[in-house]
Amino acid sequence: MSTTDYSQIPTPASCYVDFCLVPLGTNSVSVAREVAEVQKVLKASGLRYTLHSAGTTVEGSWDEVMKVVGQAHSVVHQRGAVRIQTSMRVGTRTDKSQTAEQKVKRVQDLLAKDEQSS
Amino acid sequence: MSTTDYSQIPTPASCYVDFCLVPLGTNSVSVAREVAEVQKVLKASGLRYTLHSAGTTVEGSWDEVMKVVGQAHSVVHQRGAVRIQTSMRVGTRTDKSQTAEQKVKRVQDLLAKDEQSS
Amino acid sequence: MSTTDYSQIPTPASCYVDFCLVPLGTNSVSVAREVAEVQKVLKASGLRYTLHSAGTTVEGSWDEVMKVVGQAHSVVHQRGAVRIQTSMRVGTRTDKSQTAEQKVKRVQDLLAKDEQSS
Amino acid sequence: MSTTDYSQIPTPASCYVDFCLVPLGTNSVSVAREVAEVQKVLKASGLRYTLHSAGTTVEGSWDEVMKVVGQAHSVVHQRGAVRIQTSMRVGTRTDKSQTAEQKVKRVQDLLAKDEQSS
């Protein structure tokens, strides 16, 4: 491994990111206005995304997804937030691609089967 | 503040926790089986919870919610996971209570209004 | 598993939690004052903890650790934060106990060995 | 805002990211080997970074930092992990730049002053 040129390593071709962005210094504890603005950035990106009550999940290539989350930070700064803290979960896998919807369905199917057999 | 008895401070009366539990050492990269088991623990708790593709959101008092997430760890250990790593977002507020559903609706309403006015 | 009494499942005997608490509605973007207050709560708990630039790691039983993080929320609310959002990483394992220090040392040893052999 | 060209919004010029990468499907619960490999990727990037017991903090421009974390995923996949789950905290601010070290020092100074005055 000593000869690996780390700078040439590519970023993953696909990933999912679930993020929750918290703006500080906006003189308001409501973040709905900022979350709405972020949804517009996501829509403009053309990537697949879903809003839920504790964050937003977005799917695409590593570079595309990270770019749009960065743009979300910039847009919220432009709206006056001096500081932003975001919590992210990032998943990549090499065995198969599975959409957000498929993941939820897989769990629901297992639960339905358990109920039938009990 | 020098006389505060920190051990007597109560934990918050309500909170929401969004968590994503990752078991290690289960000889499988699928976590659907474990997630399904965790849903059963949540159901038994009587707390309000929602599964989404990147985690599960649960609402209740701080102590109740943290207990059930701890029980989720124990159940997944019992199923063979030697190690578990969980990512959590925890929110508390003192101004008002707002359910997970209300939070999403608030953002959707703002987006709908923006579309009408543009 | 259908006869499991989930309410009787214990929480883990030990865990580590790394958390980063963000107060909203404090009219300031600096969180140093709040972080300092949280360190006092941790000190009073008697648990082992370490402050780093992106959070604080605390070790102990699940119930003890979660209690002290909840108390940290309460203390920061008492200081005026209307809303608090915390990001947490929680780890439990059944194979061995390993302190925070040991984890870092293990990685550093591997890196030192790699450098010698290259 | 209806005429904003969201695709042209830049990503932040600086940020810090604290991340904890968890590989699944490696037939081992130890992640020290993978963490060590990630440190090499970070070192090769030239960015400032610090390893702590619950993650690694890295500082730089948004694009640089996100690229290196993506490369870390790729390197760990190359070593055999079929699936990787990473938890990240990302912070950006427009008011001032503050290194990781300065943030810790600021809290320690506040605590020292409190002790003197009590």
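A, B, C and D label the chains in the order they appear, each numbered from 1.
Rule of thumb we're sticking to: a residue touches a chain if its C-beta (ideal position, glycine included) is under 8 Å from a C-beta of that chain, and two chains touch if they have at least 3 such contacts.
Nothing here was measured: the structure is a model prediction, and the numbers come from that model.
J.: Which chain has its C-alpha centroid at the greatest distance from the C-alpha centroid of chain A?
T.: Comparing chain centres, C lies farthest from chain A.
J.: Can you work out the whole-Å distance between the CA centroids of chain C and chain D?
T.: Inter-chain centre distance comes to 17 Å.
J.: Could you state the distance in Å from the CA-based centre of chain B to that of chain D?
T.: Comparing mean C-alpha positions, chain D is 23 Å from chain B.
J.: Quick check: what residues of chain C touch more than one other chain, meaning two or more?
T.: 1, 20, 25, 29, 40, 82-83, 85, 87, 89, 91, 93, 95, 114
J.: Pick one for the touching-chains graph, please: line, ring, star, complete, other.
T.: complete
J.: Write out the stretch or stretches of chain A touching chain D in their complex.
T.: 1, 4, 6-7, 9-12, 15, 25, 37, 40-41, 44-45, 62-63, 66-67, 69-71, 73-75, 77, 82-95
J.: Which residues of chain D touch chain B in their complex?
T.: Per the stated touch rule, the residues are 1-2, 20, 22, 24-25, 27-29, 31, 82-83, 85, 87, 114, 118.
J.: Quick check: in the complex, which residue numbers of chain B touch chain A?
T.: 16, 18, 20, 29-30, 32-33, 35-36, 39-40, 50-55, 57, 87, 89, 91, 93, 95, 99-101, 103-104, 106-108, 110-111, 114
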